[in-house]
């Protein structure tokens, strides 16, 4: 077998946003025949993770203490509107738009589509927490990478 | 081994609400040391499912066409505020309060606590869909069981 | 709402085994109408976790360094035979039988049934690893609690 | 945002095998710091699904009754050996080798690696079941697509 497999695609960067695609597999669906609602949160998380990864921000680096202490992103608030459901084998597009920084909270506006049809919208507010779960201000260097002023 | 194992506890019914407990296992946590945010949606779903189950409404019966056609609950909108995080081995309490019926949407207000500390609140709006994913009005008999007028 | 909710039931201890029940929810099923095969591993893990919990062994305690360094259980090998599938709303019984200790590996024999019908059997070998993922011999005190000589 | 996002990569076909890569996200890890053992079954399933997809076999088509009745793949037996653990942000490679057909069972040999290091091996036997869960012989046309004689 080959020694140089193709890396998973982390999506495409735009000015203030990011897009990536996902495939729907068995594990995402439920007995009602469509994707189980909580699985979309994983797709949204992949979108945010790949967005910040392409901006040079890595979870492993945050956890390792590169910014002073061990840090991790934590979702603080979510609003989701489910419009249509995805099905097995579907390809969906996850769009992530960077919002604004309000105190320790960074917001993202996200949408999932399939062939141009809107499946859901989400507004997500994310904080940075230390090992004890305490919210921390985003370090300046991190904000610079994320393109937030 | 015994032939009469103790049934999983479906929680406790109150006037317009329901409570049940859950244990946190490996699968619910992530590398940051706490419960991964999307897992709470499963706990909330268990709460709603057990609530309506204790009122005599079963997913298997809905799917079997007992109300005319094959039906399933589908989440239409969610708002969640994450306050504190649960950890491995924790016991959490899921509280589900029946809200109101607005057109085809039934709302639930939910909270998760641990030893009295609030972990999260959620407002969830649920519709009934047929096999093609079309929203259906809640059948009267179903509303009667759910105690919604 | 009540201040004293009923604790999740951790199952029943027998001489060299443990049984507990589980309910099947939306999240466990897939579009084929039955439980997705990988979800049974969660039920098996719950069985092993509750078994050792009832014997006084807690993941949080292991992780906290109570036995010298931070430790966690890790699955080393699994064999599974799937016979029948569970469906939404089903109640299943998870039986866990303690096997033997071979070097650093502790084995468990597990089965899942529904109304007496066998759904699957599993042979699971579990090691104890430190933070770096290195297998560690089970501490004597731990083996004593687990009833393994 | 763009109208032509890059499709998720379904991997690379070889003579009797298939390789694809995956990224490790929050949802795959647990509090012990590494990937939770049951998540690897999802990666293995993605490997098998993308393999047969590239050979022209689609779950949605099977379910739609294209081969006479509604059919779905179901895992019948698995053996897994866990060697090393993956961590957040890692890229892993899933290799799937088609085995043989024995009666109604099709076998696959799979391995997951990271930078050439073996993380796990799996032997998986898969049957085709109808809506009632009854195993069905693989249709000839399907075997032809899968390259199995």
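Residue numbering begins at 1 within each chain, and the chains themselves are lettered A, B, C and D in the order written.
By our rule, contacts are C-beta pairs under 8 Å (C-beta built on N, C-alpha and C of every residue); 3 or more make two chains touch, one makes a residue touch a chain.
Note that the structure is a prediction, hence the values are computed from the model and not measured.
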Selected pair, greater C-beta contact count between A-D and B-D: A-D
Angle of rotation relating subunit A to subunit B [CA atoms, steps of 5 degrees]: 180
Inter-centroid spacing, subunit D versus subunit A (mean Cα positions, whole Å): 25
Separation of subunit B from subunit D, taking each centre as the mean of its C-alpha atoms, in whole Å: 31
Shared-contact residues (touching 2 or more other chains) in subunit C: 26-27, 31-34, 38, 42, 45, 59, 63, 87-88
Contact footprint of subunit B on subunit A as seen in their complex: 31-34, 37-39, 41-42, 45, 59, 63, 72, 74-82, 84-85, 129, 131, 133
Residues of subunit B that touch subunit D when the two form their complex: 26-27, 29-34, 36, 38, 87-88
Of subunit B, residues touching subunit C in the complex: 1-3, 5-12, 14, 17, 19-23, 25-27, 42, 45-46, 49-50, 53, 58-60, 63, 87-89, 91, 93, 95, 116
